[in-house]
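Reviewing the structure listed below.
Read from first to last, the chains carry the letters A, B, C and D; within each, the first residue is number 1.
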């Protein structure tokens, strides 16, 4: 079973200044799976993302992605392996146009000396236009990304994520600040994406999680508290304690 | 605002620079006294401004586009100047004060008996070119590799670039180093057999500087307008994000850093050809800061602004050191104050207030040198 | 006084070519008082030596006056400038007839000063108080003169001088080992060597080195002297490490002082304050102005003008800082790199302003007597002013810590720098705190300026010499961390002074800069990085 | 003595001086009523800002005064003299640029300026190319002899060698051990090289010579002063010969005082410390320390007295000091005036030709004569620092010493001579090969 896993976190711990942010966390993701991660503030959700993407190195434990040991790689190497990440706060290149944001995210050229003399190819144009259509920003393609609305930025970032053509997407609170309609659309988009890629979604919004209809992992104090379908999990007394207690 | 496309004008600036340099160079060859003739003084002065403009461009590339505030770029300029100076010194040959064909005057003077190894081959122009471009490039590569790899950024980076040029200044001031100490290298006679004081040589050098500046402007524009330039801006503004996209910011920055050092070195080499002296004072941290200020005055991240700023500030300096020698520093100081307070985007910002498409309603100037740090 | 000096040099100029000497110089047994009035150094020296041998109390008064620049020469003789008027040195009588304008100071050069000191020692040995005798003996120890042996032996025999026995012996030993000494038994020579060796230090080394080369001494004595030199050298070498340590600490305290203000304006507020050096310069000039004002109006307080300059410099530089903050910096928050450009402009203006007002040259800031000189601590030579700067640096650091940690201002400062919006919401007037913080940093720069005025040039360029080192200290130590600045200053100071004897000051400095660069490459946030949002936010 | 605090008086003098300078520069012709016609322009090339302003700004003022005086005497050739003041800002390339501006744009008849050797070296090619005339007023290391420069400051044999002679004499303390302390640049290096050769020729052993170089602006002298102290504890009379440059002197002397080194024990002979530098120091601990110059303010001659009076009047500051380079400009300016009058024109070639052999009384009662090597004759004085910030002359050469461009103590230049008169007409003439070296002055 472990060999078949796409992403495998085993007994991972990390602490900052004596504070254990992640504490013996283990998590396995099968290829093609979509997983929702929920948990109260400080449960270690973002730190877990940081560990997977190479931003933070775990103190102990192993992290493997398709057999590659992620703890030995840095962010760009992990990104090139096929893990894409969307931040909680939309992070796009504000001084660049929407088009350029997507161009930079396109899978392909990364080495600076190749970039120096890179020319736009018809294939790239086609791909970008496809993405623009997907994220519904075709009309804004020449606008500077900094001028987009919050929701548009979220979508642009999802578009950039798709442009990377990753095997695994890590999505941190994609619907924060979105309207209900936008939230529903985003859920649809993620499900669409999940047809070809694995996805990990971190989210607070229970309606959204419900709409995704996937296995839910509840994190608490840096470790897995419960795992399973949303209905099972939400009836778990420990989860209720964590969310509602005190 | 420093959107990505604020340097379109660079093409016209390049054209203008080349045309002006050629016109001035030609005019200087007209018989003195005729209505259109230009004195050698003006030619040298323009040559100096244009060499400085190259330095300003180099600073603009790393500061305006990569967000690296360098306080040590004069080091590359000076190293380029020293590289060219070494060749020019050797070209004096036996025509020095002591008539020693093998040793430069200052070495005879200090009772050196042999040429130090790092001077070998410097009598060949090509070796001189390798020295003048290669040494700054290698130094920049080494420094940049170390600094960017360990993610030194912001003021830390600024301060260590300053420490770098300061250390080099102290080193070059030492007579024991073999570069003429405080006096530096001077008293040059000719380059590739052409008399450096001849009006025709001066004219050609000015024209050459103009053409090189134009070419560098065009090159920089192409580079910054292309995919690499976009990645650079992305790195500047949001370095961590580019990492998650699979880019290696340290490599991206290293490339522009080395290119910029090369441009600065080129400026230094052209400078020494026209000014005729290079000494450790060129490494002074104040020089690097001034270069940054030229860019700020002209408008950061605009390429054209760097050229305008360098020429404008230096022209002002020439003018006011002559007409208001006691008070010009007040003016210079006030200029920097006024620029930062009232013209955050420099002269280019002023020019761009002329009505233009208002589609660039983007983020405020991002001055955070870090990019964001999550 | 100066006029008289000029008139006299005119005479000198003539003398050097043609004779203009008083007729008295030709007499067979010259009158020492008349000799003092001569323009010839040879005659003056002969006069001093004669007075020294005379054992006369008027002679002592005359020589004391000469040492204090109070002895005036006229055509008739020499006169002592007493508080009330002129006193004829020969008679000790007040002389009201002499026109002071006709007098000129007795000529002095270094040779005269040497002879004068010896002659005074000789006289004091006979007539002085115990303390004066003690001084005279230490003078004889460091500057032995064979001609003084009889006087020394005479005084030594006096039972009243019993308590100075060992000093007498040392002085006698020094004379016995110097050129021109009367030959004595080998035994006595060897005793002399060990007596000198016991006094230790550079003076003893100098005497013994000379003795080792003196043909007149016995070979065994010279051998013993050589050995003694070697042993002193060994001891001195050991002490020299401690001495280097002191130099290092002293340099560190200067670095720390100059960096502390910057640690506030740059470290805490994030303003890349290139005018920091100029704020120090303003502090140094304030010292100068305060000193002049006090010298003009309340001369009695002159020795303490330096102390009075401290609050003045703090207020002036601090006030200037507040002005800069309100006028310029506050428009640039959030744009740290633009503060660099603007403050560079400010620094140019300040430099030129000082140049316009005080002139481009250095101005003289005096070191008060109580800060001058040095004292020995074992084999260590502690210069008072350096020690004072060290203590001052510690005091300023402690005070600053106290302000930051224990006062409401400090609390507000930290609140504002950590979370400006929240602080504002809690009712802190952030604008005021900004101005005060910048003022505090600037005021400390002013204090550093006062300290620096005691060891360095006070010129419009003063600030330029400190700005780079200050930034290095703050950055190397870790921005926003005062302890880091302390550690960095110590590292740079001790490192610099430790390297200086090995590879020279410049190469040492270059090496240190390279090391700092490499260190920052490895530890991009300095030695003691501040957690959380510091300068970057 | 008035009760006005010196600060404000000084400040006041500053402002009025600046104002009068501006007035002179702008409306020089209006003040000089007698002379008429096209003004003769002269260039003043001294830094008014940057690190050298400390020393050079005064020289600009003295030039303005000399021009003012000359204009009141009726100008030159019946025409007024107009000073063109520029600020090279202590920046060597800017020196070259400003020199070019003065010569090719303002077309000045002559230039008075430069301070450090490198500033002179950087303008030298410009003066040679444009055939200008430069009067250089500062003591320097020699080893140069340009047709276009008149060296009115001291060459090493006019300052350094006599100073060593004095230190070794009985009056000077009979020193036999020497610490040569200098700033690391060409002037101290060359001077020390010459001195080392000279000391050896006088029988001083290598082990009795200590040489140390420090960078510009050295401010921490603890280690070096303690080294000197240890060096002086070898039982021989020790003296320090200091070629420390301007700014670094104050902390050096402060450290000497702090470590208790007095002039009677280890005298320090300085070549770059004059009245102007002393004005920035507390001289009490320095009494007896020495300096060698060709002029001291304290030398009492009618000419000097008049000069000082003029200076105080011109600067409206009765405390402004005078110093050696100022006298050099006084001599240089008057020599140039004589040469122009003799030639009847300001034409550079004719003036250069007219210069050699001219005689001008200096301020200390002697005569400065222009030698064929474009140096002048100068008396050498040794002064001791007094507690009033002045020097007390304790020794002087019996006659003026002619300046040597090339040092006989440096092997490479021992056989070189400069002679800008026919038939040699060469700055670096090899007396052995009977040939002019290099092509510098073809």
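Note that in this section a residue touches a chain if its C-beta (ideal position, glycine included) is under 8 Å from a C-beta of that chain, and two chains touch if they have at least 3 such contacts.
Please read all numbers here as calculations on a predicted model, not as lab measurements.
Which contact partners do chain A and chain D have in common?
Of all the chains present, those in contact with both chain A and chain D are B.
Which one of the chains is farthest from chain D, going by Cα centres?
If we average the C-alpha coordinates per chain, A ends up farthest from chain D.
By raw count of C-beta pairs in contact, what's the busiest chain pair here?
Contact tally peaks for the chain pair C-D.
Just how far, in Å, is the C-alpha centre of chain C from the one of chain A?
Those two chain centres are 67 Å apart.
Hey, how far is the Cα centre of chain A from the one of chain B, in Å?
Taking the mean C-alpha position of each chain, the two centres sit 44 Å apart.
Averaging over Cα atoms per chain, report the distance between chain C and chain D in Å.
Distance between chain centres: 29 Å.
Can you check how far apart chain B and chain D are, centre to centre, with Cα atoms defining each centre and the answer in Å?
35
Can you list the chain B residues in contact with two or more other chains?
Answer for chain B, listing residues that touch two or more other chains: 170, 173-174, 326, 329.
Any chance you could list the residues of chain A touching two or more other chains?
none
Which positions in chain D are in touch with at least two other chains?
18, 48-49, 184, 215
Who touches whom among the chains?
Pairs of chains that touch one another: A-B, B-C, B-D, C-D.
Show me the residue ranges of chain C that touch chain B in the complex, using the header's touch definition.
Against chain B, the touching part of chain C is residues 266, 272, 274, 328, 331-332, 334-342, 344-349, 351-353, 356, 464, 468, 471-472, 475, 479, 506-507, 509-510, 513-514, 516-518, 520-522, 524-526, 535-536.
Touching residues of chain D toward chain B in the complex: what are they?
Residues of chain D touching chain B: 18, 21-22, 48-49, 85-89, 91-94, 96-98, 100-101, 104-105, 116-118, 121-122, 124-126, 129, 143-144, 184-186, 189-190, 193, 213, 215-216, 410-413, 427-428, 430, 437-440.
Going by the contact rule at the top, pick out the chain A residues touching chain B in the complex.
Within the complex, chain A touches chain B at residues 53, 55, 74-76, 79-80, 84-85, 87, 91-97, 100, 103-105, 109-113, 115-118, 120, 142-144, 146-147, 160, 164.
Once bound in the complex, which stretches of chain B touch chain C?
Chain B reaches chain C through residues 69, 143, 146-147, 149-156, 158-160, 162-164, 166-167, 170-171, 173-174, 285-286, 289, 292-293, 296, 326-327, 329-330, 332-337, 339-341, 344, 365, 367-370, 373.
For the complex, which residues does chain C have touching chain D?
1-2, 5-10, 12-13, 16-17, 41, 69, 107-111, 113-114, 117, 202-203, 205-213, 236, 243-244, 247, 250-251, 254, 288-289, 292-293, 296-297, 351-352, 355-367, 372-374, 381, 383-386, 454-461, 464-465, 496-497, 500-501, 505-506, 509
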